[in-house]
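Heads up, the next two complexes both have chain A, just with different partners, chain B and then chain C.
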Partner chain A sequence: MSSMAEADIYAALSEIFRDVFLRDDLQLRPELSAKDVQSWDSFKQIDIILAVEEKYGIKFNTRELDSLHNVGDLVRVIAGKTGTG
Partner chain B sequence: MGEGGELVIDFGRSGNSDNYRRSGWSEPEPRHTWTIGPESTLEFPRPAAAGTYMLVIELGPFVWKDRIPAQHLTVLVNGSEIGEFAVREPAALECTIPWDVIEKREWVLLTFRHPGAARPIEINGVPDHRELALAFETLSLFPQFDSAAVAGGRSKMPSAEDAFAIDELPVDQLMMGFESLGENCEFGLAQRRCGAEPLGLLRFASAPLPVLLAGLKGHFEGVGEPDQIEIRVSANRQEYLVIDRRYGFLYHPWVLVGEADPEDIRHREEKRLPFLRRKLVEDLTEARKIFVYRGMRRLPQPLVLRLVAAMREYGPTTLLWVELQDDEHPAGTVEPLTAGLLKGYIDRFAPGENAHALSLDYWVALCRNACRLAGHPESREA
Partner chain C sequence: MTSLYWLPELADWRERLRGLGKNGAPAWGEAVALANSRLDFIRTNALDQTVAAALGGTPPKELATKPIRLALLGSSTMAHLHAAIRVAGLRRGLWIEIYENDYGQYWQELTDQSSALYEFQPTTVLLALDAYHLSAGLGTGLGTTDADHLFGEANGRIRECWRLAREAFRCPVIHQTPLPVHPAVLGNNEHRLPGSRRAFIGRLNRELRSMADEDGVDMLAVDARAAADGLKAWHDPALWHRAKQEISPAAAPMYGELIARLLAAKQGRSSKCLVLDLDNTLWGGVIGDDGLAGLVLGQGSALGEAFVAFQDYARELSRRGVILAVCSKNDEANALEPFEQHPEMVLKRNDVASFVANWSDKASNIRAVAEELNIGLDSLVFVDDNPFERSLVRRELPMVAVPEVGDDPATFAQTIADAGYFEGVAVTEEDRVRTEQYQGNRQREQLKASVTDLGSYLRSLEMQLTWRRFDKLGLQRTVQLINKTNQFNLTTRRYSEEDVVAVMDDPSAFGLQLRLVDRFGDNGIIAIVIGKMQSDDDLLIDTWLMSCRVLGRQVEPTTLNLVADAAKRLGARRLLGEYLPTKKNGMVKDHYTKLGFAVLERGDDGRSLSALDLTTFVPASTFIEVKQA
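Moving on to the complex of A and B:
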């Protein structure tokens, strides 16, 4: 994945995370996971996924959803599905 | 009547029993309908497919101390007796219906004789003048289980390496390999306590078996359509609940009253539910996860086999059916019953009013033991 494409995805995800968690101070990094963010439960995870699907016009399959353990995983899957990986 | 000959009659107020009740019934109440007098009848169309059928009736009796210790019930189909019971407590009664009893008539007449019907006002002073015997909750009719119907497909036994990997699997990863189908949110909360947050349509839902079977049969089509979503306030007035009108399941959106507007919750669920429905159908089809179901009361095995058969219409799935321990099966035991069905035993279920008070250690033990028998998604893909 080019650093430009990765940076674009992180920028888009930052906006989505800000909207979902109503927090401006969240700094996304690859290893950031639900354990690090209060209230990041399955409901928030769905909100994130739905926003990503809408933003990129993609659909995650169940294997991809189950493989998402942190932000880095999400970035990799988005890159793979949008052809920027 | 389903194409496969299945019929589920729900005797709750929002159920479908109006279509089948004939004589000897009171008006439906929220979850059941009482029989009135010494005999009551139902009629339903004869199933199209020839064969032996199973009838399972979930009901509760009108009993009162020594005066009425039990209600006696005789079940007749087209005038032929198929079962006789002494009902002392809420129960699921099972009868077998031979084809030769029903093949001659286009409509099947079910007669229930309950000569011990009595008026509460005369027995215990409760101001109810109806002559009550039995409160019917559901009646299910389905072809007798054919083991060949659920046999076949994957029922892979894990290798020795798999077993080792399962012992070493961190508990959050272990629990991510399972998906709850209900009947309540206890298992979903057990996963949360382990740090596992899988996405599941029924994870926090109340999904009684008839509701679940109808949903599986209909591929949960229509879930999330705006006119099918109803937002209610819980009985304790503290939180919102979401009801799916089409299939009748109910779940927690985990929103307290005052935290959000009901219309905002509805809009959110319109997006979430189709997504979760899509994922459930994929999970059933891919059959990587082990699905979990526990009834709010003891479930008869024929009904569970029916559930397994409905699940395996999608793919070679495995169900972990959990019941209370008994003398032969201490808590934590998991045994394979047939292809696609494991039965687990737990020391206790969480009380109905507080699903958080669950037996976490045994839930985890059941999951680990189930994986030893059926594998875990991660070990299968390794």
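Moving on to the complex of A and C:
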């Protein structure tokens, strides 16, 4: 995936994470996962997914959802589904 | 569509959210303002979390309403809906505390008096049983007899839940209809397959309406919303499998809206009046420039038909009790001309209770409408195609609802309906004739202006006050008045149907409903009084409320005569009158002293207790003739 496209996705995700976790200091990196962020539970996970779906007009399928373990996974799936990968 | 598209976007939303409650800024008003912007589910959750942090989880002092304790009793996961319910309450100035049963345990908790549900003591119960749960045991292999048996069982269980909740908490019960989540197995004629889960839920949702009406339960009709918005907007099978969420989190803001509307309606806080702009809102074109013949209205053009359809919707609203008003920048004569002369006008001058057309700014004119109709600014909805006027009114009068209606008349009606401003739970006879009552008021005003002294005015009104004890027939109207009257209300105690029935059954209490008729028409039930014996000698006036429409007509002293009679019949020697101050009832703070009561106690917060000696009481003579119904 091009680094430009990846940067765009990270920027969009940062906005979403800011609103979901009400934190402006959260730095997104590929390895970041639920265990690193307080209150990132299964509900917040669903909020993030739905916000991403709305933002990009895409829909994750169940297998894709099961494959998400960290921010890097999320960026990869978004890139794949939006044709920027 | 589940988005709250009628609410305005706030450009500086994030900054204002971050600033909420910081540096001693007043948090509640700002929180209400933020809630009245276009929130998606992420922003809804963010606001809820911030409000909780800013207010520390306790209702603010300035809260004008009674906090609501809402128990969600469901068969699926509802935790993701709490924030949206609270925020939708916040949007209407309601404070909602939520309890949700442990997953799947609604029945156990309802039947166990030592459960956390009983400890919570809800003031409203919402029952939400999902389609998977309700259709357990169904299958296409079943014949009619078995399917009917399961149908009867499901109905019976639902009714039993309603009964248990009612008896345990003596509070209103709301039932959420199940979403029709099952895919069809037969197709167009699904109903011919007795064991079809989909057909079963459809049938149940039809039956629920009449069961709920019989049992006095209100519907939360998410099935109807899903039919309009598309099931996909409301239910995501992937999320059902993952988290057992019947309602998708994306639909949570709308779900919260539907609940908060019902709660507000039951507190009498639905909007009461639709204030309409004229040019390019009710007709196409500008009457002052284009003249009668130049207006786009009526058959022959798509735009003209759209305006007719919108007028028709406004008239439909008025026939169920919504007051219509006009607020237009126009010369009054020009503004009136279409109402009087245009053949395609659906709305006539008589449909409009308050007609304000001049060149003052719209905020001042909307204030004038509220004053003329004697209703609060927060019960007005203002519709204007012009974004400049909308934002001006929002800025000057933030308590007035101003929907983002856009500029296409074809969408006006749906937008107002989607926004749910006028949510109602019942339509009474008073609602149906409300506009006529306001017309009567105008005629009374004209008469008042034509006679010289108050006495001859009151005499010429030929008033008759008819009183009745509380009865089943008037129950709905009694409950409606008790829950919606804010200004002329001495104690603002809110009672449910159950509470009112309890007064009817109590031999040491009375409930009076008063109707006022005069030469200009029937004003309907205009006052309610509840008295309760407190000791052998004292009768406490627990509730005294009156419609502001009949102020200054000597109804108060006439009512006191009736109260004194009823109290003496119970053996009372003294009347006790209480005043409990709220944000809105300042007008009655001296009510009892004006009627000759002596103040016994006065609290720092403004409350007072006054007494009237019945052994020496002399009934006032008034221009009102009193009759028992």
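Rule of thumb we're sticking to: the second predicted complex is superposed on the first by the 85 of 85 C-alpha atoms of A that agree within 3 Å, B and C clash if a C-alpha of one lies under 4 Å from a C-alpha of the other, contacts with A are read in each partner's own complex, and residues count from 1 in each chain.
Rule of thumb we're sticking to: a residue touches a chain if its C-beta (ideal position, glycine included) is under 8 Å from a C-beta of that chain, and two chains touch if they have at least 3 such contacts.
Please read these numbers as outputs of a predicted model, since none were measured by experiment.
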Based on the superposed arrangement, let me know which partner A:19 touches: chain B (first), chain C (second), both, or neither? second
A:46 in the overlay: touching chain B, chain C, both, or neither? Say first, second, both or neither. both
On the A-aligned overlay, A:63 touches which partner chain: chain B = first, chain C = second, or both, or neither? first
State whether A:27 touches chain B only (first), chain C only (second), both chains, or neither. neither
A:35 in the overlay: touching chain B, chain C, both, or neither? Say first, second, both or neither. first
Overlap of the chain B and chain C footprints on chain A, listed as residue numbers: 42-43, 46, 50, 61-62, 65
Residues of chain B defined as touching chain A within the complex: 176, 192, 195, 197-200, 203, 253-254, 271-272, 275-276, 278-279, 282-283, 286, 288, 377
Listed in rising order, the residues of chain A that touch chain B in the complex are 34-35, 41-43, 45-46, 49-50, 53, 59, 61-63, 65-66
The residues of chain A that touch chain C in their complex are 16, 18-20, 22, 24, 42-43, 46-47, 50-51, 54, 60-62, 65
In the complex, the residues of chain C that touch chain A are 14, 18, 40-43, 45-46, 49-50, 79-80, 238-239, 241-243, 245, 248-250
